[in-house]
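Take a look at the structure set out below.
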Amino acid sequence: MSTIHKSPWLLHYDGSSCNGCDIEVLACTTPVYDVERFGVINTGNPMHADIFLITGGINSQNEAVVKQIYDQMPQPKVVIAVGTCACTGGIFKECYNIKGGADTVIPVDIYVPGCAARPESIIDGVVKGIGLFKEKAEALAASQKA
Amino acid sequence: MDVSTRMILAGCYIIFAPFIIGLLEGCDRKISARMQGRRGPSVLQPFYDLKKLFEKEFLTANKMQLFMIRSYLCFIILSGILFFGGFDLLLVVFALSTSAMFLILASTTTHSPFSSQGTHRELVQIMACEPMELLVAVGFYLATATFNVSDIVMNSDFARVIMLPGFFVGFVFILTIKFRKSPFDISTSHHAHQEVVKGVTSEMVGKEYGMVTLAEWYENAILYGIVALFFLNSNPLSVIWAIVAILAVWFLEILIDNTSARVKWQLMLKLAWGVTIIAAGMNLFLLEIIRGNLR
Amino acid sequence: METLVTALICFPFLWAILPAVIHNSKRRAFFVYLGCGIVMVLSVFTAVRWYLDGGQTLNFRLPYQEMFGHIFLVGDVFLMCFITYLAYKYKKLIISVLTIVSTVIPSAFELVGPKLPNNYTMRFDWLTFIMILIIGVIGSLIGVYAVGYMHGYHIHHHKELPDRRSFFLAMIFVFFGAMFGLVFSANLLSLYFFWEITSVTSFLLIGYTHTDEAINNSFKALWMNLLGGCGMAVAISVGYLWFNTVNLFDFIDLAKASPDNMRYLLPIAMLAFAALTKSAQFPFSGWLLGAMVAPTPSSALLHSATMVKAGVYLLIRLTTAMADNYVGNMVALIGGFTFLAASCLAISVSDGKKVLAYSTISNLGLIVACTGCGYEETIWAAVFLVIFHAVSKSMLFQCVGAIENTIGSRDVEDMQGLMSIFPKLAFILMIGIAGMFLAPFGMLISKWAALKAFIDTRSVYVSSLMVLFICFGSATTMFYWTKWMSKILGAATREKSRDLTKWNEYTSMFFHAVLLVALILGFPWLSEHVLKPLSNDMFGVVKQVISYQNIIIMIVLLVGVFVIPYVNYLMTKNTKAKQVITYMGGANAGDNMNFISSTGEAKEMHVANFYMEELMGEKRLFTPAIMISTFIIIVYQIIVIGGAF
C-alpha cells in the first residue's frame, strides 16, 4: 500500500504578485488552519519538494527561475497555481513585462482561483494536489515496472 | 559480557533503533504542534516521510555524494554496534566523528552555496560538541575506571549520574545541538525552513536525504544510549530510571525547541564550550581531587 | 656493530662533500640518489642486524673515541666562530653572546675541569632503533624528492634567486649525519655537538634564499635553538660540578633514584628546556613557522623526520626521570597547551604550508605532553605518534610542494576540486590528511592511550588541565583538517593543466603512502615486537597498553574506513540518476559555478571555507599563547632552580 500521499512537502514560489496570496499561504500553516496535519511541510528546497505552489504571475525576470526550480524537483511532482494572477496573470495580465499565468512556462495541475485566494480554498487545492500526487506516484511506479 | 549477548544487543539496535527514534520524532512533532495550539500530523509521520523519500526519483548534482552518504550511514551504524555491543566508549566517540566527516565531504562535493554554508556550520557544530562527548567518556572512566560500556554498566551498583552531574548537564546541553533543535539548528534545521535553505542536506535528493535522516536516527539512538548510561547499573530495575531519564531529556529538548529564538553560530560555539568547561570541567576537577584523596 | 654505527654517522658527513663540489646537475643528482640510497640501506641494515641479534641494549665507545672527542671540541669552537661571524655580519650581536656562552662553558670544563671516568659514550637501544629507521628512510626519501623539487624551483618558479642547489643538497646530508649522531650519543658532549650542528644547519637551510624575510626567520630559528643549547650547556656544567659524569643515562638514573632532590632534577629540567625549544613548543614556535620561507624539502626535513624529532627524542629519553615531578608537569603543560593553541591557530590560516606548520607544532605538543606524563601508556602513544607523524607529515609537505609547483599556489582555497584535476596528488594529500587525524589511523590510537594516561596522572591540576587540552584540541584539529579535505573534493573551478610533478617526487610520495598504509596495517605487530621491548627497556615492566579487544575494534574501524566507501562506491557506481544543477534560488546561469546577478549578468559564485579570524586569528591568539607558555616555563624553572640551591 502506498503511503506516499501522506507526506507531501511543499515549495512555495512567489512570482509577480501583490503578496496577498503569499500571506494567505502562510496563514495556512498557522494554528487556525494547520496544514501540517496532512503531513505537509513547507520546505524551502525544490530538491526535497513534492508540490510546487506558485502565487503571482510570470514575468520575463522569473520565467527562467520558475522553470529551473521545476526541473530541480524530483518526480512525482504536482504544480498548484494559487490565486488569479498565478492562474491567468490576473490584473497584471496586460502589463508590458507579464507573460501570463504559471502555465505559460510549466505544466500546472491544479488552479486555485481567488484574489486573494482564501486559506480554505488553498487547503482545498493542496488536498486535491495530494490526491493527484498519489495518482502520479502510482502511475510512475507502474511505468517503472513496465 | 559474552559474545552472544553483545550480538543480540547490537542486533536489537540495528533493527529497533529507527522505529523507536522515529516514533519519538513523531511524538515530538505532535507535542510541538499541541504546544503551538495546532493539531499536528500523525505520530507515524516521520515513517511516511522516510518511505516517500526512498520512493522519489533520484536526481543528483554530483555522483560522489551518494556513496559518501551511504558510507556515512554505514559508519554511524558501525559506531552504534560498538556502543550497544558494550565496547569502548572513547572509540565510539571517535568513530562518530569519523562518520560525521563523511557527511561533510558528501555535502561539499556539490559546490552549492547553501550546502557549503551548512557544511561549515556543521563543522563548527562538531567542534562545539566534540569536547563534551570526549569528556563524557573521560567522566565515566573516572567514575568506573573503565571505558568499556558493558563494564560501566555492570561494575556499578548505583546510578553514576550522582558522581557525574556536571557531565550530565553538559551532555544534555550539547544534545540540543546534536538533535538540531532551536536555538542551535544552525547547519540544518530539523524544521523545514531556515535561512540556508536546508544547510548540509540542501543538495541531497530523495533516497540520499532519506539515508541521512535514517543515519540521524541511528545517531540519536546512540546519544540517548549515552544518556541512559548515566543511570544504568547492575540492578535490572535501573532500566526504568534510564527510560524515565531519556523521556525527560527528550521532553526538555522539545520544550527548549519551542520556547527559544535562534542564535548565531559564534554564540553557539562560545556557549557550548563555556558550558563544557564550567559544568564538565568543574566536575572533572572534583572527581580528580576525590580520587587523589583515595590514593 | 660499533663500526656500522660509526659508518652510519660519518658517511653522510663525508658524502656531503660530493654534491657540494659537483656542479653538473645530472651528475650531482646521481650522487645524491646514490648517497640517499646508501644512507637508507645502511640505516635499515644496521637496524635489522641489531634486531636480529636479539635487540639487546648496547653500550659502547666509538673506535678512536679520543680522536672523536677532539673533533667534537674543535667542531664546537668552529661552529661558535662561524655563528659569531654571521652574527657580526648581520649585526645581531646578541646571538653571538648566546653561542659564546653556550660553547665556552662546556668546552672549558672539558679542557680544565675534573677528569671524568672513561664511560660508554654511545648507546643503541629500541628508541635508537626506531629513530634511525625514521631518519634513514624518511630522510633519504626527502633527499630524493629534493633533487626533483629544487630543479623545478630554480628552473621554473624562482629564476631570480641564485642557484645554490649544491649547498642545499650538501646540507641535507650534513643533517642526516647530525641526526644519526644525536640519537646514538649517550655522552652529553657529543650529543651537544650534534645538537648544535642541527641548529646551525637548519639556520642555513631556512636562510637559503637570502631574501630579507628568509634571513630574519633564520636568525629567529638560530637564537631560539641556541637558547636551548644554553640549557644543555648548563646541564653539562652541572654534571661536571656536582655529579662527576656527563652521561645522559647517569643523569636519568640519579634523578630517578632520588625524585625529591631538586639538585638531581636541575639538569633534567635544563635538558627538557633545550628539547622544548628544538621541538618548537610555545613560546618557541615562531622559528618553525618562520621556517616556511625555505624551499619545501627543507620544511619537510625540519618538520617530519629530523630537527623537531630531535627534541621529542630527547624528551622520550628523559621521560622516566620526569614522571610526576615538576619537570614532567612543566613539559606536560607546555605540550598540552601547545596542542590546543596551535590547532586553534591552524584554523585561521589558509596558506597550506602554514596549516601544516601549525599542525606540526600541535602534534608535537601532543607528543611532548605524552612524554611529560611519563607513564608507559604515554610513551607507547608518543612513540606511535612520532612514527606516524614523521611519515604523514613528510608526505603532506612533499605533496603541498608538488601542488605549489603545479598550480602555482599553496593556498588551501586554491586547491578546490583538486580531486578532479590532479587526482594523483589529491589522493596522496587525502591519505596524508587521513593519517593525521582520522579514526583508525595513528592519531586515534595515540590519543586514546594518552587520554587514559592523563586521567591517571597523579597531580590533580595537571591531570584536569591536560584532559581538557586534549578534548578541546581534538575538536579543533578535526575542524581544520576536515575543511581542507572538503576543499579538495569540491567542484573544480580551474582548467585541467599539465602535472609538473617530477617522477622522483612521485616516487618519494608513493613510497610514503605505501609506508603509511603498511604501518597502519602492521600496528599490532609494531606494538608487540618494538614498543613492548622499548617500554621494557625504560620501565622494566611489560604491560599490554591497549587491550586485545580494542585492537580488534581498531582494525574493524580501519577496514571500515577503506572498505565501506569502496564497496559503496562500487554499489552506487551504476545507479541511474538524472543530473541536475545545484540549487541557487533558481538563479544558476546554466551551471554550478555562475549565477545571474541582480544586474542580469552571469557572475562567478565563490565558495570559501570558514577561518574564524576574529575568534581564532593569529593576531588574537598568538601573543597571549606566547605569554602564557613563557609564564609556565619560568614558574617551573624557578621552582626547580630555586630548589636546587
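Which chain is which? They are A, B and C, in the order written, and residues in each are numbered from 1.
The criterion applied here is as follows: contacts are C-beta pairs under 8 Å (C-beta built on N, C-alpha and C of every residue); 3 or more make two chains touch, one makes a residue touch a chain.
Since we're looking at a predicted model, the values are computed, not measured.
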Comparing centres built from CA atoms, which chain ends up most distant from subunit C?
A
Which two chains have the most C-beta pairs in contact?
B-C
Give, as an integer number of Å, the spacing between the C-alpha centres of subunit C and subunit B.
36
Could you tell me the distance, in whole angstrom, between the mean C-alpha positions of subunit A and subunit C?
60
Two or more other chains touching the same residue: where does that happen in subunit B?
57-59, 197, 202-203, 205
Could you pull out the residues of subunit A that touch at least 2 other chains?
45, 47, 72, 74
Residue numbers in subunit C touching two or more further chains are 578, 580-581, 583
Interfacial residue positions of subunit A with respect to subunit B in the complex
2-4, 6-7, 9, 31, 34, 36-39, 41-45, 47-48, 50, 72, 74-76, 137, 140-141
Going by the contact rule at the top, pick out the subunit C residues touching subunit A in the complex.
578, 580-581, 583, 585-588, 596
Subunit B partner contacts - residues on subunit C that touch it in the complex
417, 438-440, 444, 447-448, 451-452, 455, 458, 460, 463-464, 467-468, 470-472, 474-476, 478-479, 482-483, 485-487, 489-491, 549-550, 553-554, 556-557, 560-561, 564-565, 568-569, 571-573, 575-584, 592-593, 605, 607, 609-610, 615
For the subunit B and subunit A complex, residues of the former touching the latter:
29, 33, 36-42, 45, 48-49, 51-52, 55-59, 192-194, 197-198, 202-206, 209
What residues of subunit A sit close enough to touch subunit C in their complex?
45-47, 62, 64-66, 68-69, 71-72, 74
